[in-house]
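Presented below are the structures under discussion, each in the form of structure tokens.
In what follows, chain A forms one complex with chain B and a second complex with chain C.
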Partner chain A sequence: MTTAIEHDDRSPAAGSPGGVPAGARSRRSMLALAAVESGRLLRHPAVLAATALSVWLLWRWGRGTAPVLHYADIATQVPLAPLAGAALLATNLAVLRPHRDGAVDLYGATRLSLARRTLAHLLSVLPLVALGGILVVADLAWLASMPGSVGTPHLAEAATGLALIALGGCLGVLLGRLVRSVALAPLVLVALAFGSLTLAELQIGGHDQRPWTWLGTLLRAPPFDPPPAALLGRPATWHLVYLLGIGVALAALALWRSLAQARARRRAQVAAAMVLVAALAATAAAAVVQTRPTSSALAERRLAVVRNPAAELVCQRRGPANYCVFAGFEPQIDLWEPTVRAVVAAVPPAAAARALPVTVAHRVGLHRLIDEDVNLGVQEGQGPSGPMVAPVGTAWGRDGPLFELAHARLAASVAARLVAPTRGDGEEPQWTPCNAQAVVALWLGGQASPQAAEGISQAVTDPFSEILVFSHDPVLDDPQWGVRAGRFALTLLDRPRDQVTQTLWRNWDLVTAPETTIERLGEVLGMQPPSGADC
Partner chain B sequence: MPAGRLRRQFRLVPALLVPIARAVGWVPALAAFALSLGLLALAVRPGLEIAPTDLLRWLRLAMIVAALGYAFLLDDPSGPTTEAVAGSLLLRRTLRVVLLLPATAAWWVAVVWRIRAVHPGLPLPVAALTLEAAALLAVTLALAAAGSHLAPERRGGVVAAPALLTLATAAFLLPAQVTLYAQPGSAAWDGAHQRWAMLLGLALAAFAVASRDPAHRRLPSWLRGLAHWLTRGRAAPAEAGRSGSPDAAGQVERSVG
Partner chain C sequence: MTTPAPTVLARDLTMTFGRTRALDGVSFELVPGVTGLLGPNGAGKTTLLRVLATVSAPDSGSVHALGLDPRHTDQRLDMRGRLGYMPQEPGFHARFTAFEFVDYVAILKELHQRRARHQEVRRVLELVGLGAVRGKQIKALSGGMRRRVALAQALLGDPDLLVLDEPIAGLDPEQRLRFRELVSQLGEGRTVLLSTHQTEDVVALAQQVLVLHLGRLRFVGTPLELAGLARGHVWQSQERDPGALAAWRTGTGQHRNIGNPPPGADLLEPTLEDGYLLLLGGDQVQEAAA
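So, the complex of A and B:
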């Protein structure tokens, strides 16, 4: 049977020789313990596994993308969550190690009080936070160096993942000081993860309709193409203050608990309590500010952009197209140009001359920030935005299902504008999604790049209905496509390109006429169209 | 295992039940079940529209929460002392699991009932999901049994809980070809459940191997030969004297270990 020995906060070894004050020696010992514990923390199997997982998640997100850095900084938060979880588990195990090893009484022979040991454990989390910082900086530097990278990372968004690691570490220490059971920390961790996921899901469903979801820890970026940073309206700085406030409060509570357990001097306990109160006040203030509804100025600006997207875009002419992009997104034009040129090159020069220049413009599904179900009747391009454009999102990359769909959307939209051009301002193009012109446009788009062909195949193979669009956030400018037309286009894409081009060019006016059916196109090409109902 | 020894082990069950029920740390397991049900009740509640894929994800997360309780089920600081008792380690650990089975069954029934009650029209593949839950619990037990060799005082939960969370996270990120968490009706569903069944078998085997009684560890053959050679002279009369009693044979076997 062991007997618990209550220690005074002052060092048991006070007054030893050397001329160094006891307080300084105790501080040095605490720092030495913090260094040892941080080394053990960094080598803990859970931390090693979480680090590997975090690196893999960061790499997977950034691989092949043309990043928008004010979204990429938000995307560092979820990959760092495993490190935060590992920090919680590993610090809790470290704090409880003396209890597991029966070494509690042995600490009485050292010059370290319980509060100093707690502080050492809290400080040991800092190198893990630094490791997270290195991962975030390396990730953002890697992404910034990629071709087509746009935007600027927000410091508070980039630091949120690090605050989560610190929060996890502080919570692990506190739980160890409150309950001497290693079973508690994993249960608390899964409860927190469950709660965070629930809140994150609720926010995705409601965005600005549920500002209280910011009381959670981890909130992903809205699930549509990144809009300009000024329109995002995430209270990132206040959320960081909120998380840091909770972290400091947990640390102060752990210290206060240690001081109280060790019956330390009243002054030290009061100091810890004051830090706790200050941290709680900062947390409460940040919680109130971050859960305020979106300001009316920002809401009006978003609505104006949704109603008339052209107003926020800057345009420049390059070759056969006018590119209209959000200010600061110009590097993305270089990434789209090869696709646009490849589509134009497959159109007879005379027909291209009638339709050019085609306008390629950013459309990002911003209306979902205002109303998830578009009940307000707002949708991008609904207002006086001029002639129909070929819409393109701000999410772009080399491979992956999402990016292939983006390639398909751009290529097929440009092709649709060439096949069915607008004759004048405000005039609707004559477009029939289930006739021959849709097949021709889809073939033009698919032959532009392997990614576009893959995107078309992906959408056609797994359609939600007989009419499809190449975007999860379709706008009025997005042409619609019949699934049967898509299947026919995929069959055409398997045939030699030159052979198809020659036949189409010879019969261009017929195959692009709105009334020409798929059956007639099949006769022209000498092919049997795929079976299926016309839409 | 010889049939005679197996019979002797089974005869010990009634005597072991009460001491083991006292030795088991019930709080983590029951707290995990309660937490699992509470979180599921929060995520799956009437009036909240939820997609079937999301529902299944919450259900699987609830399984992981409950499995955390099993991570601490085998924790036994008195292990080094009770090595010498007649019941083998595998028997004692199996009894711990058996004692928790009624609560586990009640938890699972409550989970299924909650989902059925909130979403009565949703087809829930109960048998396949029960297989997933059983395999997850078995993997946790295997981790706890293996962890008890690594952690001080046979507290395998210290190893098993973080390992379970790490493995569960990794399982959610597996590529489609080897996925474990497939969606009902998808092409990967049958393959994923074959993998779950295999995992269940492997985990039970690993649990049995990691729970081999330390008192029955066999010495290397050269060491056994040396021991036999050293003790031949003194042991021979004693062996001859005890040879009539089957219980004595068991004791000799234990003393060699």
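So, the complex of A and C:
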């Protein structure tokens, strides 16, 4: 049995028309081939479709989240996954092109070696990586230009999506060099997507609880309001090294395979094998480091923040409110201020004067990054920060459900503090979530903005909620609301604002008294309250 | 007149696929000009051309072409730089345009300077008469145009040795004529080895003929010498002669018979096809006798 002859790179003695040494000529031809292949890769239908999908995902992700750049960088990774998948498929098809089209003989009579062709295919992925880079930079620049943008992107987090694209391309090339079937790459892609998404779902609870999930590739940001960067503790740099190590290993394996197939010189094969071993060593080291448990110092700091967030907050007075935020998040106060002012404006001035200033405090779901068996020292439904706080998160975007819920959460919480103020130092507010007080507070919250009103509507009509909440984290000290009160508030929000305002202001002490029932409020307003239990 | 120095020397080439001997001790020399390689299906023509094009290495034996020995990698690379190969099935990338395809092969042939390469691609496409359709996707080209694209890529770099595997197969008469004209021009000053089933192509183009059958080289010589093999073995008769190895009715209504003529037969001037058929048919007769 005979085999097709390939060849390795040879000495300068080999033909060198134009006075160009054979080695240089071969390298330049390889770069020319890489340029042609990258052009075809960028025009490949799978890549075009994936690019459109990635752009949409980035826009969709950015649209509904707060411009917290040290969190937004993580959110660029999953949207680039389609490009990584497309890179896998398209490079695999390109590598297999001579086999698919029966051009093996034609290629076999040409000078450029199989290894150089493999290298050209690997290099052809770089422009696609650059395209991903442009998307990431554009996305982060877009977010950074938004009002209230805070934080600084982490280079490794922002580069992780790009490493995924490179990884996909290298895997496509390797599969093409190992198996001459176009059916393999789609199967591998499906398996990888399934595995990665499963790991990502396991991971979103926080890496501390399942550090081994970092051995996957797609690592979504945990779905809570972004905390300060120092408290995140993601091993982003090591994860990037891990992914790059795998990518280089795949590339070296593809190259070694090509050299072996071509029976190239042993020296070249040994060099490829050494790169492979080095890449595997780097990958293994990064895998070990990235799956180490969180340092005790970071764990203690997180716990301290959860137990006593006030100690970490910096406060500043603006108009009717004190805003207390984690350091660095001050620009976001500008986002919250119009909502607070609008709610205050809907309250009788005298009543507002008694209640103000209200404290608006920054809350994040950091407790999700703390081991489940650690006692947070917080009772469910009772926040750790004291009663005089209107919690606000950083899930603040331009539009969309997250934004509306965030608006509603802040507006309703501020309103709750205004209708149930403390009567003296250290006194607990008399908050009754199932009485008239709750209806009035929700109505006031709905006056803040159309988005707040929409958020209240979403929360009230959520069929899975037995109680009305705007944040599902019990430790975030959000007020709770009865569903019946919510339904009544929605009816009230549909009525003319001036008419309702006049009636409520005339009867303010009555309708905000803790003991006033929903039925009594209905009598005052001349409306029939919705049926059902109060809570 | 002196005989030109051989540009290709093949010695005792042997190649086996499983139990099949595709090449069995094949030796020959090629000189500048067009050489026709004749043989029935399965004769080993494509295998021989793949060896000459350095796509395959023989199990044993040697080839020296253009003074180079492809067993040495450096020389094989040099040889690839100086030969043009048109496989029987080139394996077109259907979504490439004609220009892109030839340009791609040019890169594989290490024509690395972009501008010079593009000039060369345009030159060979013009040479085969495809300059006007170079921007068309290959899938939109006719079969004849595709054959010309395949020839164009073989002409890249103005090679000294052209190895063409059935380049004229499937072409209509007009296209065949153009192809013959082109190959004839190419044969001036360079060595062209052209495999075909069509004896008339060899008659029209070749100064030398190789006949390969069952992996063995049965004949090396000029077309006249091949035709001469049948001298005294071709005759015409009113009816098909039952003793003939092959016989067919011609346009005159007479039967043309090839074989051992009966005494007093009306002998005809043999053609290259007669010689070729006799060569293959005689072999079959001998095999049957054995």
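In this text, the second predicted complex is superposed on the first by the 488 of 535 C-alpha atoms of A that agree within 3 Å, B and C clash if a C-alpha of one lies under 4 Å from a C-alpha of the other, contacts with A are read in each partner's own complex, and residues count from 1 in each chain.
FYI, contacts are C-beta pairs under 8 Å (C-beta built on N, C-alpha and C of every residue); 3 or more make two chains touch, one makes a residue touch a chain.
Fair warning: this is a prediction, and the values are worked out from it, not measured in the lab.
Could you tell me if A:Ala32 is touching chain B, chain C, both of them or neither one (first, second, both, neither)?
A:Ala32: touches chain C, not chain B.
Per the contact definition in the header, classify A:Asp101: touching chain B only (first), chain C only (second), both, or neither.
Both partners, chain B and chain C.
Kindly classify A:Leu112 by the partners it touches after superposition: chain B alone (first), chain C alone (second), both, or neither?
second
State whether chain B or chain C is in contact with more residues of chain A in the superposed arrangement.
Counting residues of chain A touched by each partner, the higher count goes to C.
Can you pull the chain A residues that chain B and chain C both touch?
101.
How about chain A: which of its residues touch chain B in the complex?
45-46, 49-50, 53, 56, 82, 85-86, 89-90, 93, 100-101, 181-183, 185-187, 189-191, 193-195, 197-198, 201
Which residues of chain C touch chain A in their complex?
Residues in contact with chain A: 15-18, 50, 53-59, 70, 73-74, 76-78, 80-83, 85, 87, 89-94, 100, 103-105, 107-114, 117, 153.
Using the touch definition up top, name the residues of chain B that touch chain A in the complex.
25, 27-28, 31-32, 35, 39, 42-43, 54, 61, 64-65, 68-69, 71-72, 151-153, 155, 157-158, 161-166, 169-170, 173
Along chain A, where are the residues that touch chain C in the complex?
That would be residues 1-5, 7-8, 10-11, 13-15, 17-18, 20, 22, 25-26, 28-29, 32-33, 36, 97-98, 101-112, 117 of chain A.
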